[in-house]
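Take a look at the structures below.
Each of the next two complexes has chain A plus one more chain, namely chain B in the first and chain C in the second.
Showing the complex of A and B:
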C-alpha cells in the first residue's frame, strides 16, 4: 500500500470540499482532496438551474457556474485532487490521522495527514425509507437521480410524472420535466406546508398550474413492468384517509423526500453521529469527537443554499489549519442543546469569548419568532427573526461580547429556544 | 414580424378577459398573495410593500423567467452542455426557445459564457453556455 503524507486530506470535491481545501491552501498547508466521482464539482454540476450565489457573489448563477468559480481557483493552486478515488476507512491517532482510499487509477493508498476534513455530502432518501406499498415496477426514481439523468446524461425519465415530497429538488424537477415536454400531474406532500423555498413553489409549480397536494400521501404504486398509476390519499390524524383516495395515471414517480448526510465513514471511525442532523456531532471548531477530524457542508447537516455551505467550509478550513499548525485552542467550550421548537442547532458547543455563528432549524412556522439562548433560567441573548419556517435554516451570530463572560462562569450547558411572537397571517 | 403582432394581440385579448390575477410575490420570504389587474388601470391589493406592487405589475405586463436547459454536443463522451438565458426571457417565448434548443448542437471545447443563440425572438436575450467543457 502506497503511503501519502499531507497536512490536510479533504474527503469530497463538491462545494464544501473545494471551499475547505482552498481555505487550507491559503494557510500554505499541503492539501489533498479525494473524490469518488470522475471529476470534481459535486452535485452542483447537475443543478443547471439558477439561484446559486446570491449571498456569496451577489449575483444569480447556475450550479455549474458556481462550481466553476471554485474549480478554477483550485486549479490555480497546488492542491492535489485525486478523482475516481473512494475513501473507505478513517482512523484517528495521536501522531496522525489515517485514511485508506481505493482507486482504479491509483490503487490502494493510505493518506497520513494532520487533519481530515469530511466534506462528503449527503444521499437521497428513497422508496424504502418512506415505505410506499405496491408493486416494484420500473419508473421510480429519486429526484436527484432523475436530475442527473436529464441534465448530465440527457435521458428523459418519463412522460407522465408524479412527484412525492415538496423539497426543492422535487420542485425544480417539476419544472425541468415540464420543460422537457413531460406532464407533471402533481406534487404530493405529507406535511401541511411546502418544504421547498417559496420562489420555487411559484416558479416551478404555479407557473405551470401543477397541483400541490399538501397533507397527502401516495398509498400505492401500481404497474407490472412499468409504473401505471399511483394512488393518493389525504393524510389525516396520522393515517391515510382511503375513502377519499384518488388515482393518478402516470409512468414515472420521482421521490424528493429528504437528504441524509453520508455519515458511514465517520461512524465506522467512532465519530459520534447526531440523531437529529444524521451528521457528526461537532464542536465550535467544527471538529468531531476524534481530534483532527472535521466535518462541513451537507455531510454535516443539510443546507438550504450552497452559499452557506461555502461559508461554513471556509470556517472549517481555518479551524483545521489552526489544528495542524499547532495553534492550540484554549478557549473554553460550553455545550449547547436544542430546546423548545428547535429541531437542531449546530455546532454542539459555544466557544467563550469569541463570536459564534449558529445554524438552527425551527420546528414551527410563524411570521416572527424570538430565538433565545439560555443558561438555565437566565436569558443570555435574544434575537427576533422574520418569516421563520422549518424549510429555512436560521443563522444567528452570537457576538464575542455576548459570550465574553462565559469563560468565567462554570460550564453549565446552554440551550436555545424558538418562540413565536406573531402567528402567520 | 407578423407573428410578433399576433402574439401581442393575443395577450391583450387574454388580459381583458381574465383581468384580475392572483400573484404570489417572491421578493422576500413573506410571500404576499397580491390580487392585481390592469383595467381600467393597474391596481393591486394584498401586497405589504412597494416591491410587491412592482412585482405584480411586471407579472401582469410582461412576466419573465430565466430559462436553463442542456444542449447536445458533438462529443461522444460529453454529450450535453448546460445553458441558460443571460437575462430573464418573456414567458411567452419560452416554449419556442426550448424547441429551438432541442435542435441545437454545439461543438466542444466550449467556454463558460460563450453565446450559442443571440437575440432570441428579437428580445435582446442571449443563450450562453454555463460550463466549460473539453472533449476529452
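Showing the complex of A and C:
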C-alpha cells in the first residue's frame, strides 16, 4: 500500500471538488483530488442543457462547458487529479487525516494529509425511498441515471414515459426524452407546487404541452417484464384518492424525487450527520466535528444551481487552507439553529465579528418573507426576501457589523426564522 | 455456473435424472446427486438460478419448533438445520447462526412460547430456552419495553438465500451436472423406460427419472407428467429491505408469536448488515403476482415497530414480494409418484423449505434409490467450492494484493456495496448475465442507491464481456429489456 502525502486531499472532482482544489492551490498548498469516475467533471458532464454559470460567469453555459472552465484551470496548476480512484475509508487523527483509496491504475493508496475536503456529491432518491407499490419490472430509472444513459452512453431508455417528481432533473428529462422521440405522458408531483425552477417548468413542460399533475401520486406500477402502465391518483389530505385514479400506459418511469448527500464515507469516520440536510454538520468554516475534515457542495447539502456550489467550495477551500497553514481561527463561533418555518440553515454556527453567508430553506411558500436572526427574544438582524419557495434556497449574507458585538456576548445559541409578510412591506 | 452448455447427449443419450426447477430444492438435489456416477440435468424456465420462489426467501435457517413432530417438514427442517455449518464450510456462502427470539407481549403469548418450547424440545431442537423480560432485553437492547418474555432458539440462523442456491448449483455443475436455462417444460412423454421432455421452444431432454421441484408450478408439471393431481396455492409475502446502519438492527432474528398460517411479521438482520422486515402472508390466485401494496407496507411496519420501536420507513431501500408454494395440508409433499413411473414429487415446499433443503436432497436421493436408481459414489467428487473474492470483505492490504494480480479489483463499480469490476466479470463469466443475476451474485445494485450509479457501468461490462448488443440486456430475462435502442441507429 503506497502512502501519499499532501497538504490537502479533495474527494470528488465534480463542480465542488474542482473549485475547492483551485482555492487551495491559490494558497500554494499541495493538493490532490481523487475521483471515482474515469474523468473529472462530475454530474455536470451529463447535463448537456444550458443554464449553468449565470451567477458565476454572467452567461449561459451547458454543464460540460461549465466544467470545462474549471478543468482547464485545474490542468494549468500542479493539482494532482487521480481518476478511477474510489475513497473507501476516512480517518481523523491528531498528526494527519487519512484516506484509503482503491484504484485499478494506482492500486491501494493511503493519503496522509493536513485536511480532507469531502466534495462527494449526492445520490438520487429511488423507488424504495418513496415506496411506490406494485411490481418491479425493468424500465424504472432515476432521472439522473436516464440522463447519463442518454447523454453520455447514447442509449434510448424508453418510448412512453411518465415522470415522478417535478425536480429540475425530472423537468429537464421530460424535454430530453421528448427530443429523443419519446412520448412523455406527464409529470406527477405530490406537492401542490412544482419543486423545480420556474424557468424549467416553462421551457421543459409548457413548451412541449407535457401535462403537470400537481397534488398527484403514482399509486401502482404494473408490468411483469417491462413497465406496462402506472396508476396515478390525486393526493388529498395526505392520502391517495383511489376513486379518481387513472391509468397511464407507458414503458418507462423516471423518478426525480429528491437528492441525498452521499454522507456514508463521512458517517463511517464518525462525522455527525444532520437529519435535515442528510449531509455533515459543519461550523462557520464548513468544517465537520472531526478537525481537518471539511465538506462542501451537494455532498454537504443539495444546491439549486451549480454556481452556488462553486462559491461555497471556494469558501471551503480558503477555510481548509487556513487550517492547514495553522492560521488558527480564534474567532468565536455561536451555534445557529433552524427556527419557525425554516427546514434547515447552514452552517451550524455563526462566526462572530466577520461576515457569514447563510444558506437556508423555507418550509413555506410566500410572495414575501422576512428572515430574522434571533438571540432569544432579541432580533439581531432581519431581511425580507421575495418569492420564497421550499424549492429555492435562500442565501443571506450577515455582515461583519451585525455579528461584531457577538464576540463579547455569551455564546447563547441563535436561531433563524421565516415569516410571511404582506407584499408591500 | 457456466454459460449454457449444450446437453452432451445426442437424442439417444439420456440423462439419468432431470430436475425440473433450479430453486433451492432443485439445486440442493442436483448437488447431492452430482456426487454419484449418474448424469444429471436441471431445467429452469427463468433466466437464472433461484429466480422463482427462492430469491424472495427471507433467508432464515429455522430451528424446528414451529411445527409438530408428525409433519414431514419438521423432520427435514431439523435435519437440514444441522447441516448448514458443513455446507457453509464447503460452499462458502454467507451464513451465521445468530439465534431466533420469539417475543411475547402478554401472559397469553408467553404461554404460546412455552408451548412452542415444549414442541421444539419434543421435536429434538437443542438448547431451547424461555427467557424473562429482563433477560431478553439484556440480549437485545433494541426491543420494545412491552416485551414480557421470549423463547430463545440459539440454533436458528441467517443465510443469503440466492447465494446459497447459486453455490449449490455451482457445486453441482462442477461435478458434471448440466443446467439448462430459459427451459420451460411444455410436454412430456414416456417412451419405453425414458422420459422425453419438450420445452416451449422445442428443445428436448431425455431422462430416466424426473424430479418435480417446480415450486409454484409443481402442480402444472405434475399434470404434464400425468402424475398426481394437486393444487399449489401461492401465499404471498411482502418484505422491505432496510439500509445498512439503520436504527433498530437486532442481534437475533425476531419473531412474534405465530398464528395458524404464518410465523408472523419478522425483523431479520441480514448477513450483510442490512435488515428485512416482513413478510405478510396472504393466499392469492395469480402465480405471477409479486406486487407490493401501500396497505401492507403499513402492516409490516406496524408489526415490526411493535417489536423494535426504532425501526423506520425512512431506511427502506426497496420492497419486494415472494410467493410461497403451499399445499392444502401445509406439509411438504415429497414422494415417488404413484401414478407416473419414475417421477419424484417435491411439492409444497414453503417455509421452512430453505432450512430443510439439504435434508430434502438426501430424502429425494433415498427415494430414487428405493425406486431402483443405482447410485454409486463418484471417486472424484469435489465437495468444495473455491472462496470467491469480495472486495468489501477484504482489508486494504488484501485488496492491494488482489489488484496486483488483477487490476479490475481496484475498479469499484458499485460504490454503495464496494463491489469491484473483477467481481462483476466473474459473475458474468459464471453465466449470470442479467442485471438481477449480477446483483444477487455480487451485491452490485443492492445498496442504498439501488443501481442509480452502477447500472451504466454494469451495462458497459456486460457489453464488453458478452459482445451482445445493448438492447438484449435484461433485468431478469426476456421481456425485461433495459434499453430500447441507440441514439446513433
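By definition in this document, the second predicted complex is superposed on the first by the 422 of 425 C-alpha atoms of A that agree within 3 Å, B and C clash if a C-alpha of one lies under 4 Å from a C-alpha of the other, contacts with A are read in each partner's own complex, and residues count from 1 in each chain.
Operating definition for what follows: a residue touches a chain if its C-beta (ideal position, glycine included) is under 8 Å from a C-beta of that chain, and two chains touch if they have at least 3 such contacts.
Only a predicted model underlies this, so the values are computations on that prediction, with no experimental measurement involved.
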Comparing chain B against chain C, which has contacts with more of the residues in chain A? C
Touching partner for A:243 - first (chain B), second (chain C), both, neither: neither
Tell me the contact category for A:154 with respect to chain B and chain C: first, second, both or neither. both
Considering only touches as defined above, state whether A:65 meets chain B (first), chain C (second), both or neither. first
Contact residues common to both interfaces of chain A (with chain B and with chain C): 150, 152-154
Across the complex, what residues on chain A touch chain C? 1, 36, 84, 86, 88-89, 100, 102-108, 110, 123-124, 126-129, 131, 133-139, 141-142, 144-145, 148-150, 152-159, 180, 219-221, 224-226, 240, 251, 262, 264, 267
Chain B contacts chain A in the complex at 24, 26, 28-31, 65-70, 72, 79-80, 82, 84, 91, 94, 98, 112, 130-132
Contact set on chain C toward chain A in their complex: 241, 245, 288, 290-294, 297, 313, 316-320, 391, 396-397, 399-400, 403-404, 407-412, 415-416, 418, 420-421, 435, 448-453, 455-456, 459-460, 470, 474-488
Can you tell me which positions in chain A touch chain B when the two form their complex? 45, 48-50, 60, 62, 64-65, 67-68, 150-154, 179, 198-199, 201-203, 206-207, 367, 386-387, 389, 392
